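Step one of this worksheet: look at the structure below.
Every chain is named by a letter (A, B, C and D) in the order it is written, and numbering of its residues begins at 1.
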Amino acid sequence: MKMDSQPLDGGITLIRLDGRLDIEGAQTVDQPFTYATSTHPARIAVDLSDVSFVASIGIRTLLSGARGQASRGGKLVLFGAQPMVRRVLHTAGVDQLLVLCDDLDAARKALTD
Amino acid sequence: MKMDSQPLDGGITLIRLDGRLDIEGAQTVDQPFTYATSTHPARIAVDLSDVSFVASIGIRTLLSGARGQASRGGKLVLFGAQPMVRRVLHTAGVDQLLVLCDDLDAARKALTD
Amino acid sequence: MHSAHARRSLRLINDSGAISAASAWLRTLGESFELGSELVFRLDLCASELVANIVSYAFEDEAPHTIALDLILEPQSVKLVVADDGREFDPLALPEPVAPATLEEAAVGGLGVHLVRQFADQVSYERASGRNQVTLAWPRPSRPGV
Amino acid sequence: MHSAHARRSLRLINDSGAISAASAWLRTLGESFELGSELVFRLDLCASELVANIVSYAFEDEAPHTIALDLILEPQSVKLVVADDGREFDPLALPEPVAPATLEEAAVGGLGVHLVRQFADQVSYERASGRNQVTLAWPRPSRPGV
């Protein structure tokens, strides 16, 4: 699991996750993801297009980042999930709690609305 | 592990192996490989370029095919091994027993010499 | 190349490495038997959740226990049997999780078993001789998937 | 992203599924810790041979036994420790195999241990408390490999 983060124009932060959000991946990324999402108010778009797998432990990682950001007064949205990952997020009800966008454009819109 | 076999001009048979020659791969391919290499006299070039891993059990598969063919009066050569696979074959002394070629052209030559 | 019938088994001790190992083992088998990426995802997800739960919840003692995984391939079906000798636990008896209304309430748990029930085509549970045995089944993809 | 120090462990029961599982587990860890394809190949090969030998030769009874794998990552080194409680067997004590002169003589065995000794940078063996413990070590690739 890899993660990187970069500022985009419009005050948006792009976080890209790459790999498997399984127990190993969640352990790897938990700390940097929490740091990147929860330390200051921001508008964050999380790119899931290179995430090939997610289990409940990985959902926890995503939700806790979103919760951390919400508590700072900002917003976090997800985009680009592969079909099976999307299905897991849907089955877990994540799409009721977070905005899931198709692509970065949609994520930008959701963040600036 | 996948295997396919096709006739080339010059009376040469090309056998392509694809995957990992580990315990699972060797079990999968043992029967068809023995059949393809050991039932009738032939000149056989085995393409290893898509073999990403080989363990001792896989070497056994390769050697028993070559032995079977030799006992029929034909010949079997290997070609295209990836660097680490080549190193295993070398360490195991396979290059003392079989011709290891870089590519199909060299394999053809070795078979028609 | 593989025959239509096959059975592969793995016995793991209940420590945290078991989760990654079960997953990696199934992905490798899925590839060699060409089960296709969707079914491999489902096997991987269900095994990961079940093994994680066994490691976390099934045992009170610190002694090593065996988790047994059997992948059974038949012409029309793929089955995964996960067994352990921990406390009795029927994943089918667990109530559906209540969908959290807000982010704050979310992730209170209950997601793992829910995912297993949703991503397996059939789930059955048996308790016999002090062992839990969960059997998951899917139709076998008729041709190599992507 | 991963810290320079890490330890991952896996406990397998000695049946034939253990070989593929050990291999798949190491490849997955190799990828997440970005150990590079060459070192992953070496880990995979050595573990496959050692676990296959333990499954084949270490035990006379039919009872289940545990094979322990520990992958230990340090800033400068990668170690793999393989342990079992089977009969005493020191792979370092085995004579080098005699290179077969002809195809007919080939494959009489002795290849597995030879490959382990050649593809590990360092090999050490210890017998303690009724357990075999083989430790393999390599330098840690300084930057992500391919």
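The rule is short, and it goes like this: contacts are C-beta pairs under 8 Å (C-beta built on N, C-alpha and C of every residue); 3 or more make two chains touch, one makes a residue touch a chain.
Values in this document were obtained by computation on a predicted structure and should not be read as measured data.
Student: Please state whether A-D or A-C has more C-beta contact pairs across its interface.
Tutor: Counting C-beta pairs in contact, A-C comes out ahead.
Student: Quick check: how many Å separate the C-alpha centres of subunit B and subunit C?
Tutor: Centre-to-centre distance between subunit B and subunit C: 38 Å.
Student: List the centre-to-centre spacing of subunit A and subunit B in whole Å, with centres computed as mean CA coordinates.
Tutor: 47
Student: Using Cα averages as centroids, what's the distance between subunit A and subunit C in whole Å?
Tutor: Their C-alpha centroids are separated by 26 Å.
Student: Which residues does subunit A have that touch at least 2 chains other than itself?
Tutor: Those would be 24.
Student: Could you list the positions in subunit D whose residues touch two or more of the other chains?
Tutor: Residues 16, 20, 23, 28-29 of subunit D each touch two or more of the other chains.
Student: Does the chain-touch network form a line, ring, star, complete graph or other?
Tutor: Shape = other; not a path, cycle, star or full graph.
Student: Check the chains against each other and report every pair that touches.
Tutor: Contact pairs between chains: A-C, A-D, B-C, B-D, C-D.
Student: Help me check something: in the complex, which residues belonging to subunit A touch subunit D?
Tutor: It is residues 1-3, 19-20, 24-25, 28-29, 32 of subunit A that touch subunit D.
Student: Given the complex with subunit C, which residues does subunit A contribute to the contact?
Tutor: My answer: residues 22-24, 53, 55-57, 59-60, 63-64, 66-67, 70, 84, 88, 91-93, 96-98.
Student: Contact residues on subunit C for subunit D in the complex?
Tutor: 8-13, 15-18, 20-25, 27-29, 64, 66, 69
Student: Which of the residues in subunit C come into contact with subunit B in the complex?
Tutor: 1-2, 28-29, 31-32
Student: If we count contacts the way the header does, which residues on subunit D are in touch with subunit B in the complex?
Tutor: Touching subunit B: residues 16, 19-20, 23, 37-38, 41, 44-45, 48-49, 52, 99-100, 102-104, 106-107, 111-112, 114-115, 118-119 of subunit D.
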